[in-house]
Amino acid sequence: MSTLDDRPANPAIGEVRPNKRGGVAALIQSPVAIRLGALLILAIGLSLLHLSGRVFWQGLVINLGIFMILVLSLNLASGFTGVFSLGHIGFMALGAYGSAILTLPLAKKADYLPNLPAWLASIHFDFYLGPFPLGFLLATLLAAGLVAGVALLVGLVLMRLSGHFVAVATLGFLVIVRVILFNADNFTRGSRTFSNVTPYTGLWWVWFWAILTLYVVWRLKYSAYGRAMLAQREDALAAQAVGLAIMPPRLLAFVVSAFFTAVAGSLYAHFITSFSPTVFYFDLTFRVITMLIVGGLGSVSGSVLGTVVIIALAEALRRLEDVTLLYGMSQITLAVIFIVIILFRPNGLLGRREIVLARLFRKGGEPSP
Amino acid sequence: MLKIADLHVYYGSIRALNGISFQVNEGELVALIGSNGAGKSTTLKTISGLLRPRQGIVLYEDADITRTAPDRIVALGISHCPEGRRIFGGLTVRENLRLGAVQRRQGADMAADMDWVLSLFPILKERLSQSGGTLSGGEQQMLAIGRALMSRPKLLLLDEPSLGLAPLVVEHIFQIIRQLKQQGKTILLVEQNVHQALDAADRVYVIETGQITLTGTPDELKHNPQVEQSYLGR
Amino acid sequence: MTLVYYAIQQTVNALSIGSLYALMAVGLAMVFSILRLINFAHGDLMMVAAYLAAFALFANLPLGLAVVLIIIGTVIVGLLMERIAYRPIRGAPDVATLLTSLAVGQILQNGMLLTTRFLGQPIQIAFPTPDVLNGVVAFGSITVPRLNVVSLVIGLIALVSLSFFVTRTVPGLSMRAAAEDLTAAQLMGININRVIALAFAIGSGLAAIAGLLFAVQAGQINPYMGFTPVLKAFIAAVIGGFGSIAGAVVGGFVLGALEVILTALPGIGDILPPGMVSPSTQALLQQWLPSSLTGYRDAFVFAALILMLLFRPNGILGQPNREEMR
C-alpha cells in the first residue's frame, strides 16, 4: 500500500535515472547538481544576510531554522509512523537545559549553579578549536545523545500504545519533564530564569543542523526502514503479516527524532541565552504541530513549507497585533487556520507528496509515473 | 408502499449499488437474496437513511425519503433491524425494548406493545432485567426484532435474521416472521438462507454485484436453473 | 488525636478534590464514549466558567443568579464548540479530532485573553470568593474548610442527578445507547445530533460547576488554568476505564485520593507524633520521603497514567490489557 503511495516521489530519491539528454542540459537537470545548486543559493543567501548585519532578519531566519528542525523531527516521529507525539517539546527542553549546563564556563557555573554534583560542576564545554567553538558542538551532541537515550526508554514504553492513547501518554511525558525542570533546582534553577548562556548559535550553526536534519529525515523516509515505517502507519496488522516488525522502525524514528529535537533545543538555548521551563510547554508544542499539519504529515518538503508559511504568518500577525493591540488574535487566527486545514485538507498542503526540485527544472514537467 | 428507483450508492470510490430498482407493496413479504457483498445490506441502509445514494430515489408512501435523516425515517414508520443484531449489550433487555420506542411517549399503548412483543418472544420475558450482552445468539436476534417492532413500524426491514443461528432457532425466527406478515406487517427481508427466504416470501428479487438480476415469485425462482445452481445448490 | 484529626481532614480533602475531578472526567467520558473524541478543550470550558463567575461576582450579582448564568453561559459555549468545530469533523481519524480539540482550546484561551484585555483586566485575576465559601465548618472538635464540604456536597448532588438521568430517563438511555453503538442508536430513531449536543451540554454544565469551585480553591484565575485540570480529568477517566461514566466518577475519587496521599506522604517523617513509630523507621521515612518530593507529585501522577494506559487500558474496573475498547 505504501509503495503505491510514495510512487510519485520516487524520481526524487536521487537514485540515478538514465537521462537521455546529454551535455549541459543533463548536467543542469541532474538531481545532484540541482541539490548542490540549491545549497549554494542558500549559502549565498545566508552570507548576504550575515553581512547585511540586519539583526531582526537574522533572528527570524535563525528561528526559521530551529523550527524547521523541530517540525522535521516531529514529522519523522509522527508523520511517518502514525504514532502521534505531543511530548516532543519535552525532548527539546532537556536538550536546551542539558547543553546549556554543559557549556557554562567554570567560573559562572560555580556561581550560578552552586549545588551541581561535583562531576558535573567540573565539566565545561566552553573551549574553542581555533575560532571554532568545538565545546558547543560537543555539548550539543552529548546533550542530544543523552536525550536520545531517554527517548529510547520512553519510546519502549510509549510505542506499545496506539491511536490517541499514545498522544495522551506523550503529553503526560511533557508534563513530567516540566515538573522535573521546575523542581530540580540544583540543575535548572527551578522556576527562575536560566540565563548567562553563551550566545554561540548563529545563522550557520542553525542552518548546518537544519540541512543535516532535512537530509537525514529524507534519507530515512526512502530507506528500507522508512518504507517499513510507512507500511505500518498504513496498516499495522498487514505490515506484521508480511513480516515487518512494528517496534524497530517506530523506535528508530522516535529516537532519531528526539535527537534532532534536542539539537534544536540546544541551538535555541544558545540563541535566546535565557529561558525558563515555561517556554517548553503547550504553546510551543501547538505551534510546531500547526506547522507540521499545515505542511502535511509525512511529507518532508511539506514540513519545510509549513514552517516557512506559519513563521511568516505568525510574524505578520504579531506585527498586526502590535499595531491593533489585540493580543491573542494571532494565536486565534493560527488555530482557526489549523482547524480549517484539518477540515478541508486533512492531509495538509502537500499530503504525503514531495516537491521535487529536479522536477521544477524539467521543461513542462514530466507526466507523473 | 416502498418504491426504489435507479439507486447508485458508493463507499468512497467503491461502487456498492449500481442502479437498483424494485418495489414493496403493502402487506407483502419481499425477499432480497444474493451472495456476500452483492449489495443487500447497502440497500437496506440506504432505505433507512444511514447511507446517501449518489443517484436515484427512495419513495415511501409516495413521499421522497432519499435524503431524510434516519430518525425521521423511523418516525415515518420504517424500522430497520440490522445485520449482526446490534443490540445494546450493556443495557438491559427492557431498556433495549424501550429504546425501540424511543420516539414514543410512555403510556398504556406502549405497555400493550411491550406485552405483545413479549408474547411473540416469551423467552425475553424471563430476561427483562438481564443485560443484552448476556443473551444467547438466538435470544439476541429475538430481542433485535422485538426492539424493531417497538416503534410500531408499517414497514419492517430485516437484515439476515438467520445469521449465525442454529437451524432450530432459524426455524423459530421464520415462524415469527410469517406470523408478523399474517398480522399485516409489510416486510422487506434480506437473506442468504435462500431456502427459508423462498418459503416465506411473496416475491423475490435476486441481487448480484449491485444490480437486480432476477425477480419473480418463489415458485418461479425455485425452478429457475440459474437460481438452482447458484443459491439452492442443486 | 492530632493524627486522627489530620487523617480526617485529608480524607475530606481527598473527597472534595476527587469530586472536582469526577465532575470534569464525566464530561470527557461522555463525549468520548459517543464520539471517540478526546476533548482537550473541556478544561477551557472550566476556565470560561471561572471567568464568567468572576465577572458576575464583580458585577455584584447574587450568588444564586450568578451560578445559573455561569452554567447557562458555559453550556452555550460548549454547544457552539460542538456545532462549529466538532460536528464537521465527525468520523475523521482519532488524531485529527484530538488536534482539533487542541486548536479549539487555543481559541478559547486566547479569546479569553483578548476579552480580559478588552475589559482592561490583567491576565491573572484574583477570584472574588463569595462569603458563603469562606471559613470553616466544625464537626465537633474537628474543623474542615467550608469550601471542601461544599465541593463535596455539590459534586455528589450533581453526580447523583447525573446517574438518575442516565439510568432512568429516555434521553439518558439514548445517550448510553449512542455510546454503545451509534449506528444502531440511529436505527432506533434516536437523533444523534441531539444526543451528542446533550452530552456536550451536560459535560459543559458539570465543567461550569467544577470551574467555579476550582477558581475558589485556586484563589486566582487565568486563561490557561484549564490545561492541568483537563489532563487530570483525563487521568481520572482512564483510571475508571475511558468512556464509562461510572468509571469516570470512581476514577475521579481515586485520583483525588492518590494526589492527597502523594502530597501528604513526602515529609510525613517530620510530622509523625513522637512514639508513633520507632526512631529508625522515622529516620528511614525522612530519608526516603523528604518533603522536597512534594513538588514532583504531578510527575508521579502522570507516570501512573502512562502505566495505567500500558497495563490496564480499560481502567481499574475493566478487563486488563486490551488495547482500545470497542
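A, B and C label the chains in the order they appear, each numbered from 1.
Here, a residue touches a chain if its C-beta (ideal position, glycine included) is under 8 Å from a C-beta of that chain, and two chains touch if they have at least 3 such contacts.
Everything quoted here is computed from the prediction, not taken from an experiment.
Visitor: Using each chain's Cα centroid, which is most distant from the centroid of chain C?
Guide: B
Visitor: Whose Cα centre is nearest the centre of all Cα atoms in view?
Guide: The most central chain, going by mean C-alpha position, is C.
Visitor: By number of C-beta pairs in contact, which chain pair leads?
Guide: Counting C-beta pairs in contact for each chain pair, the top pair is A-C.
Visitor: Using mean C-alpha positions as chain centres, tell me how far chain A is from chain C in Å, no decimals.
Guide: Taking the mean C-alpha position of each chain, the two centres sit 34 Å apart.
Visitor: Let me have the rounded angstrom distance from the C-alpha centre of chain B over to the C-alpha centre of chain C, please.
Guide: Going by mean C-alpha positions, chain B sits 44 Å from chain C.
Visitor: Cα centroid separation between chain A and chain B, in whole Å?
Guide: Once rounded, the distance between the two centres reads 55 Å.
Visitor: Give the list of chain C residues in touch with chain B in this complex.
Guide: 170, 173-174, 176-177, 180-181, 183-192
Visitor: Could you list, by residue number, the parts of chain C that touch chain A in their complex?
Guide: Residues 38, 85, 88-89, 92-96, 98-100, 102-104, 106-107, 109-111, 113-114, 117, 227-228, 231, 234, 238, 292, 295-299, 302-303, 305-306, 309-310, 313, 323-324 of chain C touch chain A in their complex.
Visitor: Which of the residues in chain A end up touching chain C in this complex?
Guide: 82, 84, 157-158, 160-165, 167-169, 171-173, 175-176, 179-180, 182-183, 282, 286, 289, 293, 325-329, 331-332, 334-336, 338-339, 342-343, 346
Visitor: Taking the complex as given, what residues does chain B use to touch chain C?
Guide: The touching residues are 48-50, 69-71, 74-75, 79-82, 86-91, 95, 98-100, 102-103, 106, 147-148, 151.
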